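Next, two complexes with chain A in common: one pairs it with chain B, the other with chain C.
Moving on to the complex of A and B:
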């Protein structure tokens, strides 16, 4: 029978091998591919942690060799802490190594990073992308002490290098922002007001109906999740304009969640699509975007108008086959405070629609002639289209003008899906090139 | 000496675009057929010379792949078989081994006017390091996209290439042709942003179009016990029986 010391040496060696294997795996990928600065920072953290763990485990075994037999459990506890950390980190490393720059819309990630850094308190934030096997986007933060100010976003691997659906990354970054606001020692007035509104709504609606502490905790969690979802939608919308709503519709449609029968249904994690689109429409109107896109001959626009127009009385939340109207009623009283918080966090996004209004046709004309819209940037700083204008013009073009482009080209049929796919990918590439050029021109101008 | 007239028309004098004409053409909107687009034109004043425009190296490359076969056949599998795509962000470098060629592209996206052809030449300072942008330097009127560059290191020493640095110069030449507003544009190399692998049809398909009825091909396969040859890839559309021919002889 093995002694406790032998058993501990065996465990320590296994952990040592695991850590070394992960360390080498990351280093090999760094040699093969390029990564964003944020991912490189994460990998550096992994290398540091690996060195720390290897040294620590070696120390444990050296001390163990000189310690009495009964000291083994203490050292085992130390090993367990290391093992737990690596079990968690292990799940992040493969998705991060998969997310090299050939598999990512790097200019969009760069733009999102710059947008995050405009928010007070987030000046040093960077976005680490993880490619997930799920066909869904997630916000994700490692529980084992990640480097501070790294926001982790999970992107479906199939959507990695594409552009339009990846605009929904901004929604996931909204989760990071919301969590950071909630964790902040110095919470803003708008956030405090939102928390107070949630508390008020809860007390008014649920005092009588929810008896047990666990039910009350669950109910609070539901309201919190809905609040966060609407915050994230509006956060993304403020930065991206209607292109976010279009991308959300495309993504929800791709995973089969844009069905008419579920439009007014809330679940424990998400408010109903009808409410989400209604609040987005309100925001688009307030920010001047809706006037710019409401006449677009696109199914997406009419769908937003139709679904957002559903009556509040149709909304329902069902749990265990029982309708719970108090939840939706309570939530509707919270929604105005979410809008106020989003405005408070994103004052820099105010006039994006004005630029779009002035530059949309020019940008679309560039696409129609197969030209990257950064051409317009060279005409002078004062009249340069913003990245948001380029993105929205590209999405409008995608929804309405793609056949017109294809009609100018030899042998291209808009009903041929192979041809259509090719030109959507070209349009995405031109848009990303436009954004990349914008970033390069801005950096060049800053040095002169 | 220029003739006074050709077919009753006075001949026009054409030559290389000078700086003034380059700037004029750049100022035209992108939907103007005579307009020239070069974007992003960083350090614009320095980039445009008396008769050329400096172009920078882009960040994506196609490197030659080591094939499992002893040969490369330019056929429909080309796009995925011969090249490995890599990204070298600005601030990093790519090492080109001695006597090797890679495909890169210009950082600039270009649209040529309907009445101009272009030629990309190695920048002289780069050429003096034995790096040559070579072999397919001609750009047709109305081309648009980042230019794919065949970059060869003809020296005996590995050389570092930095994306974002100048690599070549674009010369523009007048072409005597009229603009046809209803003509469709070729779509094969329309608007690439990264270097693109060439699309090929299978050789037997190309040759069949000019009346060649029998085309020799090399087929992948294995020899099984007893010496029988088993084909391990899908056959060509024409002349399946020829696949088993041991000879590489083509017959018309």
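Moving on to the complex of A and C:
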């Protein structure tokens, strides 16, 4: 029978080999593909962690050799924790190596990075994309303590290079922003007001009769999760305008979450779609976007208006087959403070709708003629349409004018899904090219 | 990140927190280090936040141990009554008050190590087992909301 020490040495060697193989796997991919700077920084972190673990594990075995037999369990726990850290990290490596620049909507990632950097305190932030096997977008916080300026976003691998659905990454980045605001030593007045509103709502909902710490924690987490979700929606909306709502609807429809019977239902993680769209509509109105898109002959627009118009009294939160109306009532008192925080964090987004109003038709005209909207870009930034205008004009075109473009082309039928798919992809490519050219122009102007 | 993985990492963070307490206390018991007062202070704060009933703070990240639902639930699973959580806190406070160096302090440190070894074992087990976290006490919740 193996002694405790022999067994531990065996386990340590297995971990050592695992770490070594991950380290090599990452290095091989770095040689084969091109990655964004953010992903490269993450890989550097992996190499560092690998070196740290290899040293720690060797250290454990060295100490073990000098320690009495009864100390073995203590070292075993240390080893288990190292292994579990790498088990977690292991799940990040493949999605990160898959996300090389050919598999990503790079101009969108670049734009999102620049938008994040406009927020005070986040000037050095970079976005690491992970391509996930799940058909869902996630914000991700690796437990291996990566450099804090790296924001991790999981994108479904099937959506990697596409454009429209990937606009929802802005929602996920909202999670990063919210967490960063919470971590900040110098929290803004708007953030502390939101926290105070949450505490008030919770205290009003429960008196001292709710005693068990875990139950109190759970109840708070529900309010917190809903708050974050609405914050993330509004954060994305401020940066992307109605294109975000359209993309969200498309994504939720794709995964079957836009059913009429679930529109008013809250779950422990998400507020009801009706409330989410209602707050988005409020924001679109306040920011001047709604007036620009409300008459679009699109089902997305009528859907937003219909679902957002659902009565608050229809909202319900059900948990373990019990309806808990106090939660939704409490949450509604918090919502205005979320709007205030989003406005506070994103003052640079205030006038985006004005540019769209002025430039939309000419951008749409480019698409109608199969031309990249880069032709509208001019050296002086002020006379160029913004990236957000290009995105929104593209989405509006996608929702309403695609058949018009296809009708002009011989042999293309708008009800033929293969033809339609081809022209959607072209539209996405034109939009991305326009954004990329805009970024080049801006970068050139900045260096002059 | 899918919810189950997010949940599991909370258990790992708890296990790491326990480790950060167990090791320095072991070193103290073995006479190779002084009493880890900074670690004990951190532990006292974490346990106090649980006994006060509000380990979860709005507007603060729950990366710290004993802040998330999964972590608090694990603690309640291991130390089944509020008295047990209180006794862990009392031991911590007593150790800090003693300041170390006596036989009594060593025996208290050993008791605390045992408590945290049990907590860590459960945290690691929960990390290992991809099961759903036990839901909260819906009866207590409804009673507090007067909707039962």
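The definition used in the following text is that the second predicted complex is superposed on the first by the 407 of 448 C-alpha atoms of A that agree within 3 Å, B and C clash if a C-alpha of one lies under 4 Å from a C-alpha of the other, contacts with A are read in each partner's own complex, and residues count from 1 in each chain.
Here is the rule we go by: a residue touches a chain if its C-beta (ideal position, glycine included) is under 8 Å from a C-beta of that chain, and two chains touch if they have at least 3 such contacts.
Here the structure is a predicted model, which is why all the values come from computation and not from measurement.
In the superposition on chain A, A:326 contacts chain C only, with no contact to chain B. Legend: residue contacts after superposition of the two complexes on their common chain; A:351 is shown touching neither chain B nor chain C. Of the two partner chains placed by superposition, A:58 touches none, neither chain B nor chain C.
In the overlay built on the shared chain, the residue A:433 is in contact with chain B alone; chain C does not reach it.
Legend: residue contacts after superposition of the two complexes on their common chain; A:221 is shown touching chain C, with no touch to chain B.
Between chain B and chain C, the partner in contact with more residues of chain A is C. Residues 71, 74, 77-78, 80-81, 84-85, 88, 91, 134, 136, 138-141, 143, 154, 179, 182-183, 187, 191-192, 194-195, 198-199, 202, 205-207, 209-221, 223-224, 269, 319-320, 322-326 of chain A are the ones that touch chain C when the two sit in their complex. Across the complex, chain C meets chain A through its residues 1-3, 5, 8-9, 12-13, 15-16, 19, 22-23, 26, 50-51, 53-56, 58-61, 63, 67-69, 72-73, 76, 117, 120, 124, 127, 135-138, 140-145, 147. Residue ranges of chain B in contact with chain A, taken from their complex: 26, 29-31, 37, 39-44, 85-90, 92, 109, 111, 144-146, 184-187, 190-191, 193-194. Chain contact summary for the complex, chain A toward chain B: residues 33-34, 100-102, 106, 362, 365-366, 368-372, 374-375, 377-378, 408-412, 426, 429-430, 432-433, 437, 440-441, 444.
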